[in-house]
Amino acid sequence: MFVVMARTAGEAEIIGVKSAILGEGLTPYDHAGAERTVIAVIGEIGARKADLMSRLGGLPGVESVTPISRPFKLTSREFHPEDTVIRALDAVVGDGSLTVMAGPCSVESRDQLFQTADAVAEAGATILRGGAFKPRTSPYSFQGLGVEALRDLAEARDRTGLPVITEVMEPNQVDIVAEYADILQVGTRNMQNFSLLMAVGRVARPVMLKRGFSATVEEWLMAAEYIISSGNPNVILCERGIRTFETYTRNTLDLSAVPLLRQLTHLPVIVDPSHATGKRALVAPLAIGGVAVGADGVMVEVHPNPDAALSDAEQQLTFDQFRSMMAQIVLVHDQVRGLRDAPREAALALGNGDGQGRH
Amino acid sequence: MFVVMARTAGEAEIIGVKSAILGEGLTPYDHAGAERTVIAVIGEIGARKADLMSRLGGLPGVESVTPISRPFKLTSREFHPEDTVIRALDAVVGDGSLTVMAGPCSVESRDQLFQTADAVAEAGATILRGGAFKPRTSPYSFQGLGVEALRDLAEARDRTGLPVITEVMEPNQVDIVAEYADILQVGTRNMQNFSLLMAVGRVARPVMLKRGFSATVEEWLMAAEYIISSGNPNVILCERGIRTFETYTRNTLDLSAVPLLRQLTHLPVIVDPSHATGKRALVAPLAIGGVAVGADGVMVEVHPNPDAALSDAEQQLTFDQFRSMMAQIVLVHDQVRGLRDAPREAALALGNGDGQGRH
Amino acid sequence: MFVVMARTAGEAEIIGVKSAILGEGLTPYDHAGAERTVIAVIGEIGARKADLMSRLGGLPGVESVTPISRPFKLTSREFHPEDTVIRALDAVVGDGSLTVMAGPCSVESRDQLFQTADAVAEAGATILRGGAFKPRTSPYSFQGLGVEALRDLAEARDRTGLPVITEVMEPNQVDIVAEYADILQVGTRNMQNFSLLMAVGRVARPVMLKRGFSATVEEWLMAAEYIISSGNPNVILCERGIRTFETYTRNTLDLSAVPLLRQLTHLPVIVDPSHATGKRALVAPLAIGGVAVGADGVMVEVHPNPDAALSDAEQQLTFDQFRSMMAQIVLVHDQVRGLRDAPREAALALGNGDGQGRH
Amino acid sequence: MFVVMARTAGEAEIIGVKSAILGEGLTPYDHAGAERTVIAVIGEIGARKADLMSRLGGLPGVESVTPISRPFKLTSREFHPEDTVIRALDAVVGDGSLTVMAGPCSVESRDQLFQTADAVAEAGATILRGGAFKPRTSPYSFQGLGVEALRDLAEARDRTGLPVITEVMEPNQVDIVAEYADILQVGTRNMQNFSLLMAVGRVARPVMLKRGFSATVEEWLMAAEYIISSGNPNVILCERGIRTFETYTRNTLDLSAVPLLRQLTHLPVIVDPSHATGKRALVAPLAIGGVAVGADGVMVEVHPNPDAALSDAEQQLTFDQFRSMMAQIVLVHDQVRGLRDAPREAALALGNGDGQGRH
């Protein structure tokens, strides 16, 4: 349940409520919003629900107590009505500006990385991506250059000023990746690697959590809940396609998830059309589509010579294709900028009961 | 295979090629494009392929003969490089203009229909939709008003000037529906009702073919092939969501299919976010997204009082919501209008071999 | 809701209840079971539910009135607790005996059919299958021999004594197919062709309803409900694989559906491993598996020379392979015969509320 | 590619071939089968394929060199034609005997575990299962008792003589889990946690690798390839259901995968109907079905009082239900024991080219 404090409630009253929650053997998480503080009550409540709601509701400074039927708490709009805004160096994600994460699938060499970094920075990318540790279906495929690539990424950041995002694959790698990168990425195959989620939840870096290719939206938000409840509130969600029966595209990009997430959660949402489609010619149209449905930005793969890439050759854009995509996406983003708040407002108006689909 | 005639080839040479094809026990279909005529060769070719290509290639007026690996022929860009443009009364679909099909899920009464028709016409819809025969999962659910609804739709067309689209569910209904409606719709559950496809292929009305909710893009194009090869070239494709494991939305709208189809086929593509999402709050963002990825337009459900609707209450827009969506979608369509040809041009540049995905 | 009559209730009391239901503007369907009669109440009950239950419960001869939350009524175990047993010539389906439907995918010639019919009859098949009208993804593929094949099938029945099952694809074909065949099959692509379901619901032949390749168990039972509520209680269900992301097999045979259906419904269940797997080497193991999980039998495709087959060549068994499968399946059927009632008994013990999965 | 040595080839000739492979910058893996040794050549072969095959084919003691089109090598039947047989204490998996892994979902207390262990041992289980570290969708759900549960499991092993299997969730846990458990389990959400796969590949314990709930058979075999190529050949595969659109069951148990795997790989296969169905009443029928299609055994969850379980309450069997299932499964296993080699023999007969499905 959520305890909504009155606008006028002070520090002492908030502490009073949190103490009462702790006294029940439960855990309070509070969010001090622009207008008021909301305190989430986490733990096994069970049969004492009505009683507890009434007792907490009677404490000084409490405006209302609302039950929550959904399993995600700290990621929900009810707990945190304002959009979460995330900063990494000069980049800002989630404030209505357009985020463009671009770079090669894998760092293959300093030269390949620097060429690409320069090109995407010049064309308007706001964040540089590049794989150092690569999760590959086959043990015999190229697995990334590892720490050497991390060093190159850090150097590319210094050249371009762009913050760097790269994937971390296991708890033991979190420290070293966090040393070099500005944003940590948890990949689609690791979305329910709970040890990893808790590890990135304890580090002082924003985390981009890719949707598991077969995860429901609810499971995805629960994975974000692992990170936030471990202490890291700076989570970006990335829709990258789900596994379906269709074979022309590698996966099916679920753009419906974008406005749905704007209702359900305060976290920013990025769309990755490169991995979703696996086809270069579809990347730009779907990047534009992602922005049009209200995403905070896109992540795309760019390579100086895609046909020679060591991984995902078919989906990486050339520099020219990236520049052309940028020109278009900026125009559409300007157009829809005013529209992106509609689903959030619908959510706030409708409250907790809606959006449940087939549930 | 396709026989591409020279630009200079005349009627006699075209007849010569078609006769040669018939002489092989095969069937020729020809398309006279703006620049040249292409003749598709349909039938069991098997082992004589190389020989046949060489013989047809040597006939007067033939520029080239190209094999085709994909199973769809008459629906393919190779056969028919220009976009198909479809007309119904004053409405034009597929010429770059914005098509908006709107109206109630089911016709429930003259009053409900006329109110809705007037409202959507005034707000800028170009085609009026309304269900007369309704395919329902349960035999005990409202099955539509049938012929009475067809008459009401025809009257609503007279009031508003908008052409009418409505669903036909079996071969025996084709004549009566074609008598009243301007465009026939084949629904998602009937996408592989081959008897129905052949029946609508023999009628002088455009047909909108909804994607089966579990059909691949290839199966969908093969279903269109049934209609076209039965004699009706005026087919509109409608993406309406595919069945996946996600439960928050009714189905998953596959917007990647839109730019993919622009590569593969010359047929216009409409997006239906109402059935795909099953949620009113997601309809407008995904309608905008559909247009942004290059669709020729959208189909949405509108009702004077959605909560009282006899079918699909949760997904129908109010008049106000429809007007608000129209204002937004027009802006985005203006912005992307110039972009929609990119995938088609990529297709024409890449030729037959690309776009094959996991195949 | 269901009105359960007392064991001692007579004809007059049953008529009294049915009249009362009709008087409410609702439709009664009654099933006279071995022990008692159950009357299903179909129609829009809405807000008068409690009141109606109380009134019907007070009528003479009524033992109890139970609400039903599931959408399927006449197909449910609650309405019809005993297994439905279906007869066609000498074959009996659903009585605990082993049903084996076998024959070629398509009838290709009299000779091919008669050879196969003789071989499967001799090896112990109980029903002869063979396609006359073939639903094909491509309009250019072999579409079946039509009425000529129906005549051949009837002749094969006369040779072998085996009843014949064949597919019907549209309402207009129902009469002609029913003239020649003993059991009508509705194919997977037509599972929600509601016009066809109602048409086969009006004919005096058992119907085998294949599961739509993307239909949920509930939608499948609703499709059966269309047939039964149209007047034909003799419905056999056939699990034939559902569409998933796996590509090694054509579809994924859902054997969990078999014991689930034995809980939910009284209708017999057949398993088709040929279409599900699309691979000859997997047919026998999965036929055995189907019987082991409690199916009433299997349907398999057999061809004198599979590699030369005009359709589905990869999945048809040779005569030798069929004989070998028969030897094994009979042994396993003998072993599990005693086990097949467990899920049904569990269902009857648990009553209406269970088995709901993620619902 | 695989280098197949002659039966008469000696140690020196095998070393000669391996040296030649190393000299090419490639890695040799050899398997000394009962009849002959096969050496797999792993690495980037590319354009030198024909040349390399010819050179290796000319070396002393080489019988033949065969290319392999599939991505899995060490897991394939071609590399290792005999079934892999795995031993843990007195239990043997993969030799044709019936393996039954049983125990509670989670270890909740010593008492609960010991009661269950005694009951399943007495009823004929061959391996004891029990969760110590539990991967849970929600961070707020019971996460297992951890090391304390490992100690209890080891004690339960001492009581019953049954080897213990339990899940390991991250590389850092591998050593501690291996200290107490006899078989390590990698769970469905970790099937592509490549760091974990490599970590369990370096430990001297058999590993049971559950199929990812959305993994294809090929991806699953590639995950096994990670373990084997890291040094651990003792891998058991466990089919536990895949995610589909069906909602009555939690997942869809893919029993077709069992005979398919017997063709493709030498590794033993276990079926888990508890997690697949999520429904107690379906567990026994599907366990029987799993054995009937040729699995080496089953894994089921058993609890003294399922309704009070801290996790997965709905799917755990009571002791009585487990005993009843055991009685049935033993009978069916005896019946099909002779049948289980058919798919493997088909595989060996057909060779590498078959079994490719939609690929």
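In this document, chain identifiers A, B, C and D correspond to the written order of the chains, with residue numbering beginning at 1 in each.
We take it that a contact is a pair of C-beta atoms (placed from the backbone, for glycine too) under 8 Å apart; a residue touches a chain by one contact, two chains touch by 3 or more.
What you are looking at is a predicted structure, and each value in this text was computed from that prediction instead of being measured.
A.B. asks: Trace the shortest sequence of touching chains from chain B to chain D and report its length in steps.
C.D. replies: When the steps are counted carefully, the minimum from chain B to chain D is 1.
A.B. asks: Report which interface contains more C-beta contacts, comparing A-C against A-B.
C.D. replies: Comparing A-C with A-B, the pair joined by more C-beta contacts is A-B.
A.B. asks: CA centre of chain A versus CA centre of chain B: separation in Å?
C.D. replies: Their C-alpha centroids are separated by 36 Å.
A.B. asks: Taking the mean of the C-alpha atoms as each chain's centre, how many Å separate chain A from chain C?
C.D. replies: The computed centroid separation for chain A versus chain C comes out at 47 Å.
A.B. asks: Could you list the positions in chain D whose residues touch two or more of the other chains?
C.D. replies: 214, 243-245, 247, 358
A.B. asks: In their complex, what parts of chain C are in touch with chain D?
C.D. replies: 214, 216-218, 242, 244-250, 252-260, 263, 276-279, 281-282, 284-286, 288-294, 328, 331-332, 335-336, 339, 342-343, 346-347, 350, 354-359
A.B. asks: Considering the complex alone, what residue numbers of chain C touch chain B?
C.D. replies: Residues 42-43, 71, 73, 135-140, 169-173, 189-190, 192-196, 198, 213-214, 219, 222, 225-226, 229-230, 243, 247, 358.
A.B. asks: Of all residues in chain B, which touch chain D in the complex?
C.D. replies: 243-245, 247
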